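Multiple structures follow.
First subunit A sits with subunit B, and in the next complex the same chain sits with subunit C.
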Partner chain A sequence: MVNRVIVGAHYGLRDWLAQRVTAVVMAVYTLIVIALLLADAPTDFAGWKAWFAQGWLRFATFLFIISLVYHAWVGVRDVLMDYIKPVGTRLLLQVLVILALVGYGGWALQILWRA
Partner chain B sequence: MRLRIQRYDPDQDVKPYFKDYDVQLEPTDQMLLDALVRVKEADDSFSFRRSCREGVCGSDAMTINGKNGLACITRIADVKEPVELRPLPGLPIIRDLIVDMTQFFNQYHSIKPYLINNAPAPDKERLQSPEDREELNGLYECILCACCSTACPSFWWNPDKFVGPAGLLHAYRFIADTRDEATNERLDNLEDPYRLFRCHTIMNCVDVCPKGLNPTKAIGKIKEIMVKRAV
Partner chain C sequence: MSDLPVRKKHYKPWFNIDLRNLPLPGLVSIFHRVSGLFLFVMLFWLLWLLDTSLASPAGFAKVKGLLGHWFAKLVMLGLIWAYLHHFCAGIRFLLLDVHKGIELPIARATSGWVFGVSLVLTALFAWRVLW
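What follows is the complex of A and B.
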């Protein structure tokens, strides 16, 4: 294969926009949760369990986790694109990051619905 | 005046080194470039680029006490001694303060820095309303000195792929021009994770621009137009 610099993948806007939207979702969620906890924080395990079992909070936490995973993916991918030059290594690391993030996301949701 | 200048002659030196100079200034020496000319008088092996000596040609861009700028419009009274001068970072050094700007200009050419309009030319000039012309202010003034792009870590890591702040400022200058007909092609050309989206808005470019321009704002406007086009 010829060794030329090729650019023009024609994507990037969606990820850039998604990173901003997910940041807003996480910021809003964080503020709401902090406000709620300042008002009335659960004191024991049963209290925390009941707190996270509220339907709307489960919904919001689900959105938060999805946002976190997508946001982290775009950010870590950008870091890898900046610093890891060999394409094979970059692809491998990107795949590992995707697998880790999907795994973490699933795990978090499982904890959330187990509560 | 005391200066500490990075010297490098690839034919003789293994690696760059710093050399100290003490030069006697004349009362007419106001700008850092005047001091560099004094250094050159004392040591003619020292090399740097200069031309217009008034901040228009962009030849004498260098790192002055850690910050990119033009020697010709940097007042001697404003810099702390000893003044440490290095070549622009991230580009190959040809000699002393002279760098190889090929990658920088390749990126500039890649955005097609000229008006594209295939409509038959009118009898006189292609007119713009004063409001439309207003949008080009803060864009057309760029002199391509490369202070911004060489202050940008994204450009350091990917100078062959990332257009860089100077190129993107010029890209927006033509996207914003109502007389240009190639807006879609220009946006297509930039919609790429490397070409445009390596910009992470750290604003080093704004910090160093000797002409007081704002490439980050221009890049933001390109993204805004892309969003408008896509959403």
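What follows is the complex of A and C.
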């Protein structure tokens, strides 16, 4: 008889890699933003708004947010898988985390491109 | 069917991490989780701050006033530490992934560096920006 070994759903490597790629994206963004703020930080509302109105910064911040959503999902899912054993509770929490993160992504999009 | 290699269930306590017996790399790891979770939980507040500060001059003033409160500063300090620790520990993990610094003495030393660098940067940030 064939010795069948139970394996997973094969999303592990993809998520593992995505967590690292998104981490690099966020790290690079963080260093750029800190460098810019150290050089010239806006101090009033007009300056702050104009700073975020720069096209490339919106683009980069959007990439940061998308990376954050995926990165946070993988991380929080791993934590839930490790500490929350009852399947129903874990599923509920995972669904709530996904809903929150997707909503945050939409919210961030709206903040960034609001005129 | 009966000879399928299914892993046997064994029940362990829900939470059995004793931080006192954990070596330094283990502490970096658990704090990586704690800081990541803290950042996730506080994401709503951070987005609200960004939203309000960019919405109107009144919102900007409101955020500025709020961040002047000692308790908000304390939370901000915690968030900055969490971000910096997560950042430094994350870079260490990325290097470990490509087999840089996996020898035990070096891994221990870099764990100490993660704690040290993130705490010093947090203090620097508190001194220059928060207070």
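Just so we're on the same page, the second predicted complex is superposed on the first by the 107 of 115 C-alpha atoms of A that agree within 3 Å, B and C clash if a C-alpha of one lies under 4 Å from a C-alpha of the other, contacts with A are read in each partner's own complex, and residues count from 1 in each chain.
Keep in mind that, in the parts below, a contact is a pair of C-beta atoms (placed from the backbone, for glycine too) under 8 Å apart; a residue touches a chain by one contact, two chains touch by 3 or more.
Since this is a predicted model, take the numbers as computed values, not measurements.
Enquirer: I'd like to know which partner A:Tyr83 touches here: subunit B for first, subunit C for second, both or neither.
Expert: Both: A:Tyr83 reaches subunit B and subunit C.
Enquirer: Tell me the contact category for A:Val5 with respect to subunit B and subunit C: first, second, both or neither.
Expert: In the superposed model, A:Val5 contacts both subunit B and subunit C.
Enquirer: Could you look at A:Ala72 and tell me whether it touches subunit B, subunit C, both or neither (first, second, both, neither)?
Expert: Touch status of A:Ala72: second partner only.
Enquirer: Touch test for A:Trp48: subunit B only (first), subunit C only (second), both, or neither?
Expert: A:Trp48 contacts subunit C only, not subunit B.
Enquirer: After superposing on the shared chain, does subunit C or subunit B touch more subunit A residues?
Expert: Of subunit B and subunit C, C contacts more residues of subunit A.
Enquirer: Could you look at A:Leu13 and tell me whether it touches subunit B, subunit C, both or neither (first, second, both, neither)?
Expert: Touch partner of A:Leu13: subunit B, not subunit C.
Enquirer: Between subunit B and subunit C, whom does A:Phe62 touch in the aligned arrangement: first, second, both, or neither?
Expert: neither
Enquirer: Which of the two partners, first being subunit B and second being subunit C, lies in contact with A:Ala27: first, second, both, or neither?
Expert: So A:Ala27 only meets subunit C here.
Enquirer: Once the complexes are superposed, what residues of subunit A are shared between the subunit B interface and the subunit C interface?
Expert: 5, 83
Enquirer: If you look only at subunit A, which of its residues touch subunit C in the complex?
Expert: Listed in rising order, the residues are 1, 3-6, 20, 23-24, 27, 30, 44-45, 48-49, 52, 68, 72, 75-76, 79, 83, 85, 97, 100, 104, 107-108, 111, 114.
Enquirer: Touching residues of subunit A toward subunit B in the complex: what are they?
Expert: 5, 7-17, 78, 81-83
Enquirer: Touching residues of subunit B toward subunit A in the complex: what are they?
Expert: The touching residues are 153-154, 157-158, 160-161, 188-189, 191-198, 200, 223, 226-227, 230.
Enquirer: Once bound in the complex, which stretches of subunit C touch subunit A?
Expert: Residues 3-6, 14-15, 33, 36-37, 39-40, 43-44, 47, 50-51, 53-57, 60-61, 83, 87, 90-91, 94, 97 of subunit C touch subunit A in their complex.
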